[in-house]
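There are two complexes below, and they share subunit A, which is joined by subunit B in the first and by subunit C in the second.
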Partner chain A sequence: MTKQETILDKMQKIDRRILYWVLFIGLMIPFVSPLGLPVAVTPSTVDLYKELTKVKTGEVIIINLAFGVSAWSECLPATVASTKLLFKQGAKIIFLGVHYDVDLTWAKIKDQVPAFKTLTYGKNYVYLGFYTGGEATVARLATSIRTVFPTDADKKSLDEIEMMKNVNVAKDIKLVLSSDTGDWCDYYIRQWRVPYGTPVGEIGIAMLGSSYMPHYQAGILFGMTVGVRGGAELEKLIGELGEATVTMDSINISHVMAIVAIGLANLGYAATVKRGGK
Partner chain B sequence: MSTLLKREVVYLITGVVAVTMFIDFFFFPKGWDVASTLQTWAMIIGNIALGLGAVRLLLFYGKQVQKRTVGVWHYSVWLIVYFFICLITGLAGYITLGHQDKNPIYYWNFTNVYTPLGQALYAMTGFYIFSAAYRAFRARNIDAALLLIAGCFTLLTNAPIGEVIWVQIPVIGRWFLDIGQVPGMRTFMIAGAFGLLAYGFRALLGKEKGFYAEVGGQ
Partner chain C sequence: MAYPTALLDVIGLWTAWLMMMLSYSYPLWKENHGFRFAEFTFVSTMLAINLIVAISNVMRVAITPMTKGEWSYIIPIVLGFAMYTMLFSRYRWISRYPVAILVGIGFGLGMRGVLIPSVLTQVIATITPPKVGDPMSWLNFAYIAIGTICSVMYFLLTYEHKGVLRYPTRLGRWIIMIGLGAYFGNTILFRFSMLAGRAQFFLQVLKIIPL
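Moving on, here comes the complex of A and B:
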């Protein structure tokens, strides 16, 4: 005689389609009724913020866009917040990127940072465009930016761009901010931070938090933001709430639902084991 | 191809490049021109690899179409068609307007097809992870139970709602993130670095047969 399935047994075997629908509906809740819970700021984000506020007028910063459009939700908010802050500090920013879709990311950043409308291209910021070649290229950038980028993305010679006139090697750069989904920050640590002492900060997807924590704790990275949460923290610190803060509602709902689902499955599993099942 | 070209020349190039980079790193703090030139070459090779990748992609998917691989070939046709749409519109924009993005067809494709697809794919992983966590996170033994507890605290620490549920959740979660996992990650990194160093020396001394044999096609 076969045993009849109890509710506890069923709790372990919920169809994945039901899970998807429950999550989908759950993620709709913030659209109807935003939660708006406060976000506590972590020390790594505070350190990143503090270092960026130390940048003085006229100092040149590199922002390395090492994420594609698929990671906009995780990396873009913190990159946008950092750009806003750096422009407020009067920094001059060099943007460059390693994804073939970097032009889209660049367009999105320009769209989200109002300061671009008042600042002058070539004087306050420059966009060099896409580069490839991995760590060797990052090493070459440290010794000669002009070898990698003789021109900007619009084919204008770097020598004709005002803010680039005395900028060509690592020592001309105040700090590097790498916004990553992969290991490009490692390249900047190895090729800029270690040999030339250029401070490097990281804006990473959530997964990279654990990878870069040892670097941050050792003082190799001056600070880092982790995932959407890091973006929301930075938005809070600069006092301009944006996309990441809104997204935190979805993070709250999805994380709690994941915990509930895991809890249900384990409750069912524990009951089965207690009855002598496997 | 003779053995000389297959193996000896590869040995020589690898050795010369490795020694040059060592000398540059340890003896030329401001950079050595020879090493810089090699880095430039590596960069150029990296760019050539992009073109090579495109050719390989077309060859691979072209074969799928040619063989009419069941359930795959029609997607391959679509990929090839789209590849050429992007290539032609991009080149047209570059040649006539100075930049590929200035061609409205190319730009429309990227902003209205590529971007939403990319973001949708990334977002879908959230659903898979949710389902996978439900299936995999079972406290079957003490190790799994510990992993489960750490995972739950980390999840709730990352979400501000964790603090609302219990004020100590972020404190415990941060311990896992800032202290608990760091020794393990450091061990991985240091062991990986030593492994890479050993591999580099073996490759340099010609003892890493896998690397050379692959290059030599043996």
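Moving on, here comes the complex of A and C:
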């Protein structure tokens, strides 16, 4: 006689495609009809914000764009919010990036920060473009930016760019903000923070939250934002809600669905084990 | 950003949308020719862009300064070309020199900065009690201090984990598992937000929400 399948058995056999469809559609709903769930601000984001608000007019900041197009949803909102805040403080920003698609990221940042329309290239900000070479290049940047970047991304000599005239080594830079998906913040910690004392902050994807938290708690990083949530927190702190705040509803829904799916699968598994199955 | 009106921009937008849906057709339906097409197009396009960016970078950073008289750049260029000898078994030994230089520089640079942030400061942070007196800070301090000691004890492999080592190593294993769980949770969070970004793009292209 065939054993009758219970609902618990069926729960273990749900086609993964059904779950993907439910997830994909579920993620869309909050974009159409926002839920406006509250976002609590974590201390690491507050510290990042506080340090950025200490930047004085004319001080030069490096924003390292170490994320590709695929990580826009995670890193871009906090990078955009930081850029807005830094421009409000009157900072001069050097943008540089390590991904081959960094030009697209740069274009997106320019599109999302209204201040670019009023500020002057070469006076308030400069885009140096792509660089490679990992930690060795980051170390070289600390001793001579011109060796790594003889020109900016448009092949204009750095000596001809107004804001770069007296900027070439780590001591000329107020702080570094590394927005990344990998090890680049580590390189700046090891090659800028430790030897020269340059403050380093991190805008990381969620995966990096647990990796860099020890550095933040030990005071190596002055602050950090974690993923899209960190972006939403920073948007809240600067008072300009944007992409991350909208996305957070969707992320919250996805978490609820993931928890429900994990719960159902484990319930089915536990029931099977109880009945002597594997 | 407003919805594009120029024909090329609109085509670009819809191509991106189509490629995204073809890529998702694998998990949402099954492996198919459309998915393969999107996969191969993605890999080949990325490779082409990567190659162009890399060559432009070498031109900008090394070749151009060299043509202006900075001959020292010949050294990294020669070392770079030496890497290609890896493709020829007879001359493969030459490629060991640039690899050795790369590893040496990487190791040296890494060691210079790794001790203070990753060892010394971490030890100090672990054994320094919190300055504020709220219970949560003390709980965190105790968890991190005990967790660190027990987790390190778990890797004490020269002694069997019994007797006095039994409970601390077991606790260490639990703490490592909690840590890995948190790491995995963060990984899932990252994937979800990538997916949320695509879900948003899906709606934006269809003009259901503003771009």
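To be clear about the criterion, the second predicted complex is superposed on the first by the 275 of 278 C-alpha atoms of A that agree within 3 Å, B and C clash if a C-alpha of one lies under 4 Å from a C-alpha of the other, contacts with A are read in each partner's own complex, and residues count from 1 in each chain.
Just so it is clear, a contact is a pair of C-beta atoms (placed from the backbone, for glycine too) under 8 Å apart; a residue touches a chain by one contact, two chains touch by 3 or more.
Quick caveat, the model's predicted, so the values are computed rather than measured.
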| item | value |
| --- | --- |
| Touched partner set for A:Ser73, first subunit B, second subunit C, both or neither | both |
| Subunit B versus subunit C as contact partner of A:Gly209, first or second or both or neither | both |
| First, second, both or neither for A:Gln89, with subunit B first and subunit C second | neither |
| Partner chain(s) touched by A:Asp154 [first = subunit B, second = subunit C, both, neither] | first |
| Which superposed partner A:Asn168 touches (first subunit B, second subunit C, both, neither) | neither |
| Partner chain(s) touched by A:Thr272 [first = subunit B, second = subunit C, both, neither] | neither |
| Which superposed partner A:Ala261 touches (first subunit B, second subunit C, both, neither) | first |
| Which superposed partner A:Leu35 touches (first subunit B, second subunit C, both, neither) | first |
| Interface residues of subunit A shared between complexes with subunit B and subunit C | 16, 20, 23-24, 70-73, 101, 131-132, 134, 136, 139, 148, 155, 195, 206, 209-211, 214, 217, 227, 229, 251, 254-255, 258 |
| Residues of subunit B that touch subunit A when the two form their complex | 25, 29, 31, 36, 39-40, 42-47, 49-50, 98-99, 101, 110-111, 114-115, 118-119, 121-123, 126-127, 129-131, 133-135, 137-140, 148, 151-152, 155-156, 158-164, 170, 174, 177-178, 181-182, 185-186, 189 |
| List of subunit A residues in touch with subunit B within their complex | 14, 16, 19-20, 23-24, 35, 37-40, 42, 68-73, 101, 103-104, 107, 131-134, 136-137, 139-140, 142-144, 147-148, 153-155, 195, 206, 209-211, 213-214, 217, 227, 229, 248, 251-252, 254-259, 261-262, 264-266, 269-270 |
| Residues of subunit A that touch subunit C when the two form their complex | 16-17, 20-21, 23-24, 27-28, 31-32, 70-74, 100-101, 111-112, 130-132, 134-136, 139, 148-151, 155, 189-191, 193-195, 205-211, 214-215, 217-220, 226-229, 246-247, 250-251, 254-255, 258 |
| Complex contact set, residues of subunit C against subunit A | 1, 24, 27-29, 46, 49-50, 53-54, 56-57, 60-61, 64-65, 105-106, 109-110, 112-114, 116-117, 121-122, 124-125, 179, 182-183, 186-190, 192-197, 199-200, 202-203, 208-209 |
